[in-house]
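There are structures below to look over.
There are two complexes below, and they share chain A, which is joined by chain B in the first and by chain C in the second.
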Partner chain A sequence: MMATPAYGPRLIGGLAFGVMAVFFVVPLIFMIVVSFYQPDPMGFYKVDFVWENYAKFFSSFYYTVSFRSLYSSVLGAVLVVALAFPLVLFVSDLSRKWQLFWIIMLLSLMCLSEVIIGFAWLILMSESAGMPRLLGWLGLWNDPRSLSPSFGAMMIGLVFLGFSIVSLILYPSVSRRDRSIEEAAVTLGTPPALVFFKVLLPTFRVSLLSVTLTMFVYLLGVFVMPTMLGRPKDWTMTVIISDKALGDANLPLGAALAVVMLIVTMLVLVLAAVLTRGRRT
Partner chain B sequence: MAALTITNLRKSFGSFEALSDISIAVEDGEFICLLGGSGCGKTTLLRLIAGLESHDEGDILLGSEDLTKVPCHKRNIGMVFQSLALFPHLNVGDNVGYGMRLRRIAARQSAAEVTRLLDMVGLSGLAKRSVAALSGGQRQRVAIARALALQPQVFLMDEPFSALDAALRDQMQEEVKRIQRDLGVTTVFVTHDQREAMALADRIVVMNGGKIEQAASPDALYSRPATRFVAEFIGINNIIERAGRPPIAVRPEAIMLSTHEGGLEGQIMRQRRLGALLEREIKVGDQTLHQSEIAGAGPSFDIGSAVGVAWDEGNAWELPA
Partner chain C sequence: MRNLYLWMIALLLTAPFLVVLGVSVGASKNISFPPEAFSAMWYQQLLTETEWLAAIGRSLLIAVIAGLISTVVALAINYVLWRTKSGFAKMTFALGLGPFMLPPIILALGASLFWAEVGWYGRMEATIISHGVFFVTLPLVIIARGFAALTDDVIEAAQMMGATPAAVFRTVVFPLIAPYVFTGFALVAIISVNEYLIANMISGFVVETLPIKIFNNVRYGYSPVVAAASMLFVGLTVTILLILSRVTDLVALFGTSKDT
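Presenting the complex of A and B:
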């Protein structure tokens, strides 16, 4: 008897593909098209084909901003993973009950919106109500000042935002890891303090790298944290793009900057993929 | 090499007593099998010898050294884990040479040693291979070579062959036995498979409920089990209850069937032929006895027929009640 082909899954897959095409590819194409239009201060744009918008990117201002975006996203991603991985290892060795507790904590952290987290940190770092005042009261800081806006405050915001996501991505594979690999390393003479560096980091290298890349792309697109906790000079490309497109009503410039960021991001990802593949063999 | 002496060892996990009062002396160069079902404490005992768990009470001596005061990474033991626990990020040669690199042994010397070890386990020329590209048996060999790389004083194995198919398991057992004999290393091997224990061990330690039931050579264990548990665990033993006297154990091959009437009588419930061997189940009273013989060695019967049941008194022995 011939098996009837299963249309259900294909239909759902096709539907998902269609939705992706309509809501992702079409706007993307539209964005690329608009990036060649002529900006019009009175309206949105004039249909045209000019390189002027791209030319603006190569002025020093946008150049600097894009490098700063890359820098803060990379630094943020590395910090998030460097903090989340040890925490996940620690949690995965707790009893079932406490593991569940931490997972729920991380999940509820993820439920908070970016705006609420930003405001919370704004208050915590403010001169009048937050940590500076506490430190001043304890006598640890003679001249307490507000800690935000600053690059450090923005970084804390970014790390806080990505922390629960990275932890929850890493948790399943970390909690299911074969612990006898660590024990084997100890029986072969590895001091317990070095097992993390000798065995855990190398065995999780690939997944740590991929989650760092995911975080990098995610943090590139973060909008609220830089505006709330960062100084204007810490602002990322995302903020500048929305500033141009919405604030100055210069949609073509915003689109051109977005296209450049997209290309840079893809280049970084391809470079990372090539590097990791080169190292695996 | 050195002898391993364990005295009055105790270990509890919470309210669960995993080991209660274990004492055993393993001679220098001896091959010991810890045999028992799951939860009997055999793996816990092995992990205590390795130093992967800390004990509650008792002593573990290696030669004259008190092992319980030495942390795991400073005990000179080699261990093969049930999951093998090969380092996935290292190739075959680097897995085997891991301990040597950690001890900063010169690269040329350690490379020569890795080659020697891989030759020993039959993996010559595979040093550069990724461990992910190996077959099950090859991975076993890497794990064994890695555990023996630092010339350990004690070699520990935790059910290393349980994931292999029967033919490969037999082959690996022979190889382990050969390597162990060549090196003369004191070995403790954990298994739940009594056939494996019989094939490998100089002495089998049967464990049950955190205690040692019996420690004896495979022959002695099979012919004279000390307790009912051992008798049942070590093979199909017929334990026959007798009113007012201790029960006796009779092995299947010691039971003889005849057409004679009088004496003990039974009925053949089932019989099957396994190659040269014929196995029968005979109902005697409310008990089912297992009997086996070389096919054709005795009279043949149909299922359901009544038979006389007898056994050689020399092959039957009393168990503690």
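Presenting the complex of A and C:
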């Protein structure tokens, strides 16, 4: 608007940047620094420069945990997107009133605490209150038993948690899509399933891939679902990091593990950025 | 087929909360569903026991101030970007998108180490600031939509009439973007009330917020009070979003704009 930026905007911009830098970037840099410190069983850490904490990562225990984290996050991300994409397609064709209903429901779920969602599923899968009891009552399950903690319960929790986020991310582009090709295909008598696989999936291939990567990164960092709904042998890297930091008071090791996760996240984000760029050119 | 899928998903998304609702109004001391007798005792306990009340109060206080911090920062970044279109402003905007893209555990651990070094570990102010900064992304993106919807002619008219930049902002720009600012504030406040991991790692052992209290209760044997507390959350979240849907056009904000 203005030809020469005045003093005011620069000051405001500088302050906003300062807040973000001090409270968002500096903590991350400090975490990287701490990952080279020596753990101190009596206190927090001893200032030092060692690779020891990273060396610990290269052991069979952390390999197993990393593999498990990657596996459950990838599986979760794929499931979330596979379930959410058809929903968003359907919702975007509903009347405005029902679209609002779905948006409010999805927004509520997105905002709702992991703790509460985890607790709700814990009850729903418990022997005394949930599905096992219902199945037992219906006579479908002779010996109803609690379904959690288990790997399946944890995955349900993760998928539930990501579902609203993915739906809301996909919603704008899906509802704004050019419907002419689908309509043409339907007019020509193409079955809906074929329209989905031949028209809609290819159109949204890149956004679906990018939202899957976003979800993967998100699920990598979920803490509550594995602890509430999973068994200790399902625990992901996030749980181990928090355990190291709060439980064992080995902050440098926790920091090193978090830095490894940060690197993986960055690589995935770069990959996502490259993919989206390819679409524009 | 379409409706079947929609109903199935709607059922799956709401079923857990229906069960929690059932448990919270049941008279049984153990978690059981369906309830055999109804009672409001768990809600009564939730709203009379000082420990629960204190947790609710703390959570709300953190949420409101964190919401204000987030909204002010997001508004500042957007305003400067809109006024100057400079590279610095774009970089600040990109920085604001960062927290949303990283797994929360990384933010939480970074913040907890940072506050320990500063000496604010375990203080509520630390949780408030970190929530405010980490949740800036949502208001940032929403307020950007507000600025994008501004048309130049209104502002040019005001400038031609001799209004200073501050006056233009106060009398023309702010009233037009106010719904977006309010939406951003409300969303951050709701997310902050619900957030567990960051709050727990920064000051969880001293400042017990409602999610932390619920989590600890679930871990060490729980009573239906937890169900009542959860329903309080669900009610609060849905109510605020319903109010929001009156203030802003949520369908337009998250989906299609009306003109296209």
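In the analysis below, the second predicted complex is superposed on the first by the 245 of 281 C-alpha atoms of A that agree within 3 Å, B and C clash if a C-alpha of one lies under 4 Å from a C-alpha of the other, contacts with A are read in each partner's own complex, and residues count from 1 in each chain.
Quick note on the criterion: contacts are C-beta pairs under 8 Å (C-beta built on N, C-alpha and C of every residue); 3 or more make two chains touch, one makes a residue touch a chain.
Predicted model, so just to flag it, every value in this text is computed and none were measured.
Q: On the A-aligned overlay, A:191 touches which partner chain: chain B = first, chain C = second, or both, or neither?
A: A:191 contacts chain B only, not chain C.
Q: Pick one for A:183: touches chain B only (first), chain C only (second), both, or neither.
A: A:183: touches chain B, not chain C.
Q: Applying the touch criterion given at the start, work out whether A:55 contacts chain B, chain C, both or neither, answering first, second, both or neither.
A: neither
Q: Given the touch rule stated above, what does A:82 touch, chain B (first), chain C (second), both, or neither?
A: After superposing on A, A:82 lies clear of both chain B and chain C.
Q: Tell me which of chain B and chain C touches more residues of chain A.
A: On the superposition, C touches more of the residues of chain A.
Q: Does the superposition put A:275 against chain B (first), chain C (second), both, or neither?
A: After superposing on A, A:275 lies clear of both chain B and chain C.
Q: Which partner does A:8 reach: the first (chain B), the second (chain C), both, or neither?
A: A:8 contacts chain C only, not chain B.
Q: Based on the superposed arrangement, let me know which partner A:267 touches: chain B (first), chain C (second), both, or neither?
A: A:267: touches no partner chain.
Q: Just to be sure I follow: which residues of chain A are touched by chain B in one complex and then by chain C in the other one?
A: 192
Q: Write out the stretch or stretches of chain A touching chain C in their complex.
A: 1-2, 5-6, 8-10, 12-13, 15-17, 19-21, 23-28, 30-31, 34, 44, 83, 86-87, 90-93, 96, 99-100, 103-105, 107-109, 111-124, 126, 128-130, 133, 160, 163-164, 168, 171-172, 175-176, 192, 214, 217-218, 220-224, 227-228, 238, 241-242, 245-246, 251, 254-255, 258, 261-262, 265, 269
Q: Okay, in this complex, where on chain A does chain B touch?
A: It is residues 178, 180-181, 183-192, 198-199, 202-203, 205 of chain A that touch chain B.
Q: Chain A touches which residues of chain C in the complex?
A: Going through chain C, the ones touching chain A are 1-2, 5-6, 9-10, 12-17, 19-20, 22-23, 30-33, 73, 76-77, 79-80, 82-84, 86, 88-89, 91-92, 95-96, 98-99, 101-114, 116-117, 129-130, 133-134, 136, 152, 155, 159, 165-166, 187, 190-191, 193-197, 201, 211, 214-215, 218-219, 226-227, 230, 233-234, 237-238, 241-242, 245, 250-251, 254-257, 260.
Q: Over in the complex, which chain B residues touch chain A? Could you list them?
A: Going through chain B, the ones touching chain A are 50-52, 71-75, 77-79, 81-83, 85-90, 98-99, 102-103, 146-147, 149-150.
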